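We just call them A, B, C, D, E and F in the order they show up, numbering each chain from 1.
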Amino acid sequence: MNDVGLLTVFVLSIFVGFEVVSKVSTILHTPLMSGANAIHGVILVGAIIVTGHADTNAELWLGLAAVVLATVNMVGGFVVTDRMLEMFRGKRAPAKGSDA
Amino acid sequence: MNQTWVQIAYLVAAVCFILALKGLSSPKYARRGNLIGAFGAVLAVVVTLVAEPLDHMVLILVAIVIGSAFGVPAARSVAMTAMPQLVALFNGVGGAAAAIVAIVEFLSSGQNESTGTLAASVFTVLVGSVSFSGSVVTFLKLQGLITSRPVVFPGMQVLLPLTAVAALVLGVLVLTTTSTAIVFALAAVSLLLGVLFVLPVGGADVPIVISLLNAFTGLTVAASGFVLDNVLLLVAGTLVGASGTLLTRLMAQAMGRPLLGTLFGAFSGESTLGGGQASERPVKSLGPADVAVMLAYAERVVIVPGYGLAVAQAQGALKELVDLLGERGVEVSYGIHPVAGRMPGHMNVLLAEASVPYEQLKEMDEINPDLPSTDVALVVGANDVVNPAARNPGTPISGMPIINVDQAQAVVFLKRSMRPGFAGIDNELLYDAKTQLLFGDAKDSLTKTVTALKSL
Amino acid sequence: MTTVAVPAETRPGERRVALVPESVGRLTALGVEVRIQSGAGLGANALDAAYRDAGASIVEGDVLSGADVVLTVNSLDLDRIGTLTRGTTVVSFLAPVQSLDKVKAAQAAGVTWLSMELVPRISRAQSMDALSSQGLVAGYRCALVAAERLPKFFPMLMTAAGTVKPAKVVVLGAGVAGLQAIATAKRLGAVVQAYDVRAAAADEIRSMGAKFIELDLESLEGAGGYAREMTEERSQRQRDLLTPFIMQADAVITTAAVPGRQAPLLVTRSMVETMAPGSVVVDLAAETGGNVEGSVAGEEVVIGNASVWGGLNVPSQLPVAASRLYSANLVAISQLFLKEGAVDMDFEDEILDGACVTYDGAVRFAPAREAVEGGS
Amino acid sequence: MTTVAVPAETRPGERRVALVPESVGRLTALGVEVRIQSGAGLGANALDAAYRDAGASIVEGDVLSGADVVLTVNSLDLDRIGTLTRGTTVVSFLAPVQSLDKVKAAQAAGVTWLSMELVPRISRAQSMDALSSQGLVAGYRCALVAAERLPKFFPMLMTAAGTVKPAKVVVLGAGVAGLQAIATAKRLGAVVQAYDVRAAAADEIRSMGAKFIELDLESLEGAGGYAREMTEERSQRQRDLLTPFIMQADAVITTAAVPGRQAPLLVTRSMVETMAPGSVVVDLAAETGGNVEGSVAGEEVVIGNASVWGGLNVPSQLPVAASRLYSANLVAISQLFLKEGAVDMDFEDEILDGACVTYDGAVRFAPAREAVEGGS
Amino acid sequence: MNQTWVQIAYLVAAVCFILALKGLSSPKYARRGNLIGAFGAVLAVVVTLVAEPLDHMVLILVAIVIGSAFGVPAARSVAMTAMPQLVALFNGVGGAAAAIVAIVEFLSSGQNESTGTLAASVFTVLVGSVSFSGSVVTFLKLQGLITSRPVVFPGMQVLLPLTAVAALVLGVLVLTTTSTAIVFALAAVSLLLGVLFVLPVGGADVPIVISLLNAFTGLTVAASGFVLDNVLLLVAGTLVGASGTLLTRLMAQAMGRPLLGTLFGAFSGESTLGGGQASERPVKSLGPADVAVMLAYAERVVIVPGYGLAVAQAQGALKELVDLLGERGVEVSYGIHPVAGRMPGHMNVLLAEASVPYEQLKEMDEINPDLPSTDVALVVGANDVVNPAARNPGTPISGMPIINVDQAQAVVFLKRSMRPGFAGIDNELLYDAKTQLLFGDAKDSLTKTVTALKSL
Amino acid sequence: MNDVGLLTVFVLSIFVGFEVVSKVSTILHTPLMSGANAIHGVILVGAIIVTGHADTNAELWLGLAAVVLATVNMVGGFVVTDRMLEMFRGKRAPAKGSDA
């Protein structure tokens, strides 16, 4: 893709990023942050690619380090977010409780 | 460079990430959102492994296993309270990974890149390193390994900008010289910059900084996408960068902190919430939306009204809140202390005016046994009648029986300030670990909570 | 000039007055002269001076002679009816079937008599509906009387000396008076339950925030939104089903009525006897036979452990408010027959047609006519 | 076994009883025997049978002889004090400075006397605060009396016969009784304005939903949340500033008091004379000198166009509720000195210390002691 | 193909369009949003004119002037009530323009295009033509030039799918033959398809169809962007397509119509709101959000409560609404009819319970002179007391004075159904042009309106 | 831009389109529709381009027709939307009105 194309994608992504989280409730600030954190763990894809194309040892080992770190970020991130969200799991069906 | 189907798979992964963020911003779909995000991530990785022509496949797989072996148990076993620092750490390693990827890319083809791509690499190294070292410092702060108070030493005011300028200069040098050594120097200076950046931030502001560093890391990933001509990284990174920036602002707002004050408050002498509120001792304050979620997801709630309810004339708003909770299946009752208010039966007069059914009103002796099994005790403009000081001798209220809200799982106070009640004595419970405060006029706070509850 | 006369009421204990000073202007605007017997308004705090300021003339003693229109609350005494000139119009309460002697006297004197009870309950006539306006007063008063007599609180109060439970009030009959009694008792904080035979009553009672007592009985509804009389068997079943509610009540207020009939007996002596010491029963229907067995109009009697207050002329106990409303009712109906300063009784108008008992020597109101003719 | 005796009240018109059947169990649980004079609870609808069921024994006639503890509402008559055995504990209302003869008698008899008026107003003592509990009853009652006496409605009503304006009620003195009067009048729909001298009163009045009357006067506050007495000059100014409010009021309720003093004069005769015909004034302080000039305790007098109701033993007019609360207060204080079934008067406890007037032949309450010594 | 700066200018224009839509979805920023959109459009056009190497410049400018000469005066002078049909017309010509662009592009380079691009051209011709002819029919319906009732003639059930299939076949033929004649045939058949598609839709559903056609046009523009390799057209068209689709769904929801029923209801025998509600005569219903906006932007509002308020026990919610309006500076009073409810003073008891200050209550005689200058009269569960039938002889309520809400600028009724009140007679005012109804329990409706008001 | 690039832009634009209007209040349905309608008037850009590159007379005249129509759509659309929105214009500053 050409640079302007990437720029276009970048700009549109900014809007999407802003819009989708704009109504978040305060209580979800931390899980949302954690989930977003896990998402940027896809740098793993980049790490894999550069490692896979590594020509020197330095590149290889650095790349592998990046793979390890990115994996920690991604995998750990999703797991910890899931744990944070446990409180939103099982909520009994709302029953009409109060009669005025 | 790739086949079309890989690109499309990447696009699907990107869509997953969008849906993940969307889901994560509503309590109802948050969990599902996270799972969709995880699915997208796995898809992306698998597609990369399968479709890219890669060497060192085994090593890469081993590295992934090692990474998982670190990440999963850590995330699984962490205590609820330690989660923020773990997130900080994860964010930091993500930033480091991005920086390393940029360095490797530079090593392998730095000489041949366009200036634009080079600039993106420099950005990634700089910001990724800052994010890494900054995150590590926040981790140490939150973990209590270093003090959570703002750390400012003499000369810092000079050192920080100096380091920043140095990093910028090194960045420009990389662009002009494409020297490997300078890249490493840039990384080193950036690491220092990250430390200097976070040290002066005080304890309560740390979560805001984590969020900011998280957005930073997102941007580095986006830049990596630019460098690698990878749309997925570009989209995912930008999403995180944009949503993270907005989130940082929202968090700062929710805590009533100006964003810049948070970051540089320690320099300008502004207090950054290192230790305390207006008063000396720290209390936890929260927003109406948090109260709404706490109540909505509780099984049993006890409301303890007091004189403040009458002053605010908030009985109508309170009834509305309770009705809404009832509709959601939360079990709510009012715990009425015999001397709440300023007149015998004051609460009855108020609540009858709002047509609260008599059956919802429980006497102190009737409600007290329920409190240990109560998820949230909501204290609306009451103080003395829930003050545990009454149990100790020597205070003006000693010997007065109280409603034992301190036995509930969580306590939320609605009051305007830290001022005491009728008896004029401080309330220990306000500083308790399980207590949170929503400051403001009770009517106002309740109305806002009702609005937040409706949007859940 | 056509004159409208307002005599002082002669019924013992009556404190209302048919016309209050505030209404005088609205009558004189119709081109008539208004004459008030001196002291007529005293019971309702309306001083002669106030009438004079409003444009009426004050007459000492007999105000009726020469009057074209006479406005009163209660019907005139028998002997005074004879003194009226032929063609005089009298507007007042007059239960015609129960007061046949007065009807006959009015017929003989050629007087036109409009009875406020007979104003038809059509929308246009609501401003003349004195039954409603006085029922409103009576209902409010009943609830206050119950609150005042009860040795307990109406509202719930949680205090350092323990919790005071709210009073349980049962209201039987939820017409105008009953609904107002419900509203007033609710306001004071009592827990109110109510029952009425009309089908619409359940909704109306709930719309006041009270609980409707569901009995396993069909509803009874007559014409004009009034109730019908019920059979003795249904009546008995209703009492049986109501007993547990009466037993638990701290205060019972009864307001049931069936137009033109004796009030239905809703609560027997033995039902009252099940009530706890200190309970209060207020029977608004005591005058027309009583909803409560043993109640005496105008007296407080003790039955079992309960004290039973029998209402006698209850609206008169809130004379200022009751007079004000009644006076407005009278002005509204007067506007129908006072045209260009003269009396013009147009029986095309269904309100005048319905309310008129006697006219020009004839008894127009059918049930009274039949009774008069049957009796004579 | 320690015995607690409850005599029938001898004060004329007193309908309360010191102990209600519901409270008997809480006393016997302390290991004492409870003796009730036959018929003591009648005025409050508490039958002998109910006491017996609750575990008390019923005594015909003299219940005091041999009693270790005597619980009453009003202080014992002078002649009965002498009959008590030395060391007997009496708990009751007793205005010691005003009843020096009784204090002397109690001192002579070696009786321990706890006065419910003297219970200090500390948080722990709130459950024993009989002034509050009886004030609550009196305040409610005052508002009902005003509503019952007023020949108008309290609430606003917009009807087909015109709009009835809400009654304007002014409450002076917003302590426990005043606040409750405000609440009750508000509930009934009146427009309520209120005034009190204490600084906190403005907020408290507003917290009841009433309007605080702002006067251009400094506030006056004494110890324990009570008011202080004011100078004659301030008093005069306060009356002047209040006059327009009184003039416009349909009903005025006064509840102002200063502990140990004559009630302050808030409304003069001439102020009442500015009120419109049919207005009602309720003076809760009539017994202690009156907030309203000319009010007579226990009577309704007419001043100008207004009728002035002077409260006499008002809590007794709601005997069931008042007795229940008072009884709870007595049980709470008894729990302080009845330990393991015996009387153990521990003056380390500031409540007993504060409430005790005489003990073991000595007058402990300083103002009374000074008066007794000064007078003797 | 273009210089980078042009592309960037296009991107700016695209961002303007995003901001425009964002603005247009909130009352506060709607106007500004529209202006930003207009700015973006002008920017795009100017950049195109300046930067592209174009022939026929003069003719093009003349065409633009002609177009403006038609569009602006039409838009300026149209009556408020005729706006929907004008929008329909504008949408139609947009669709036509897109179709023509595709045809021209096909004419000039059809033979050399890839299949993907050709398919996009076919799509544009087909959908653009449908949009054009469909819009013209909606215009005719709304303008009253043809009947607004659903038009269904025998054989239509067969003709419509046949036409659709024919269009598809022609489209495929275009791809395979790249014949010019077939393109024109496709356009012709598609025009017919558009007509057949819209004819069976009933009057009240027409706005939903306009919105759908609008989304269609957006998609054609997006496809044109694909054909012309123009990112601006792609983004703008997609935006309109996506938001238009969502909007169509929202509109159908707000009117309580299932989307498919709206479009094909006439066939399946389901009523499509051609003439009326459950009752025979048409009434205008609206949602709580509309009520909220109407009230919020009014200067003076009169509330007329009736028996339904008592039945719903909605006094608390009503007070909350009035308080909120008061805070926004709207002048609100209650008009109390002397016989509203079922008991003298019924409304007073209710409103006192909700602590409505007495000063806000106005008697009938006091409020009636104010009504002509009232923007909105909100009738909450009242009926007889505002029924103008009382002014005519011969009805059960004849002669009863009423509150003249029919003199207000707009009337909103909150009630559950079309059932009459106590007197049992129909209320003409419900069918009046200035009346709108919010159906539902009054408490529920008021609560929702309050929520909507808070989010304004 | 390549086809996948365009697809990416397309997908992102869909999200942006959905998100930005998802919270629209009912009262704004019509103005929003009208505004969106005006926006797709940018087909004018396409019309100008094809007209400017027209080689035959048919292309030219068809193109010019498209320019006219697109202009009507765009210019008329924005103007009519603005008129619809007039009611949201001048709103006096909110003043504390009611005291309870």
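The rule is simple: a residue touches a chain if its C-beta (ideal position, glycine included) is under 8 Å from a C-beta of that chain, and two chains touch if they have at least 3 such contacts.
Note that the structure is a prediction, hence the values are computed from the model and not measured.
**Q** Check every other chain and keep only those touching both chain A and chain E; list them.
**A** B, F
**Q** Taking all residue numbers at the chain C to chain D contact, is the shared part over half or under half, that is, same or different?
**A** Answer same: the two copies use largely identical residue numbers here.
**Q** Comparing D-E against B-D, which pair counts more contacting C-beta pairs?
**A** Greater number of contacting C-beta pairs: B-D.
**Q** With chain centres set to the mean of the C-alpha atoms, which chain is at the far end from chain D?
**A** F
**Q** For chain A and chain C, let me know how many angstrom lie between their CA-based centres, rounded off.
**A** The computed centroid separation for chain A versus chain C comes out at 77 Å.
**Q** What is the distance, in whole Å, between the centres of chain C and chain E, each centre taken as the mean of its C-alpha atoms?
**A** Computed value for the inter-centroid distance: 56 Å.
**Q** Taking the mean of the CA coordinates per chain, how far is chain E from chain F in Å?
**A** Taking the mean C-alpha position of each chain, the two centres sit 15 Å apart.
**Q** How many Å are there between the centre of chain A and the centre of chain D, using C-alpha atoms for each centre?
**A** Chain centroid spacing, chain A to chain D, equals 70 Å.
**Q** For chain B, what residues touch not just one other chain but two or more?
**A** 18, 231, 235, 313, 338-339, 344-345, 349, 352-353, 355
**Q** Going by the touch rule set out above, which residues of chain A reach two or more other chains?
**A** Correct list: 1, 3, 5, 8-9, 12-13, 15-16, 20, 23, 100.
**Q** Residues of chain D that contact two or more other chains, please.
**A** Within chain D, residues 126-127, 132-133, 136, 155, 157, 159-162, 164, 187, 189, 209 contact more than one other chain.
**Q** Could you please write down every pair of chains that are in touch?
**A** Those chain pairs satisfying the definition are A-B, A-E, A-F, B-C, B-D, B-E, B-F, C-D, C-E, D-E, E-F.
**Q** In their shared complex, at which residues does chain C touch chain B?
**A** Residues of chain C touching chain B: 155-164, 166, 189, 191, 209.
**Q** Using the touch definition from the top, list the residues of chain A that touch chain E in their complex.
**A** 3-5, 7-8, 11-12, 15, 100
**Q** Any idea which chain D residues touch chain B in the complex?
**A** Per the touch definition, chain D meets chain B at residues 122-124, 126-127, 132-133, 136, 176, 179-180, 183, 187, 200, 203-204, 206-209.
**Q** Within their complex, state which residues of chain D touch chain C.
**A** 15, 44-45, 47, 126-127, 129-130, 132-133, 136-137, 140, 144-145, 147-148, 151-153, 155, 157, 159-162, 164, 184, 187-189, 276-278, 305, 318-321, 324-326, 328-329, 332
**Q** For a test of understanding, state which residues of chain F touch chain E in their complex under the given definition.
**A** So the residues of chain F touching chain E come out as 1, 3, 6, 9-10, 13-18, 20-56, 58-60, 62-85, 87-89, 91-100.
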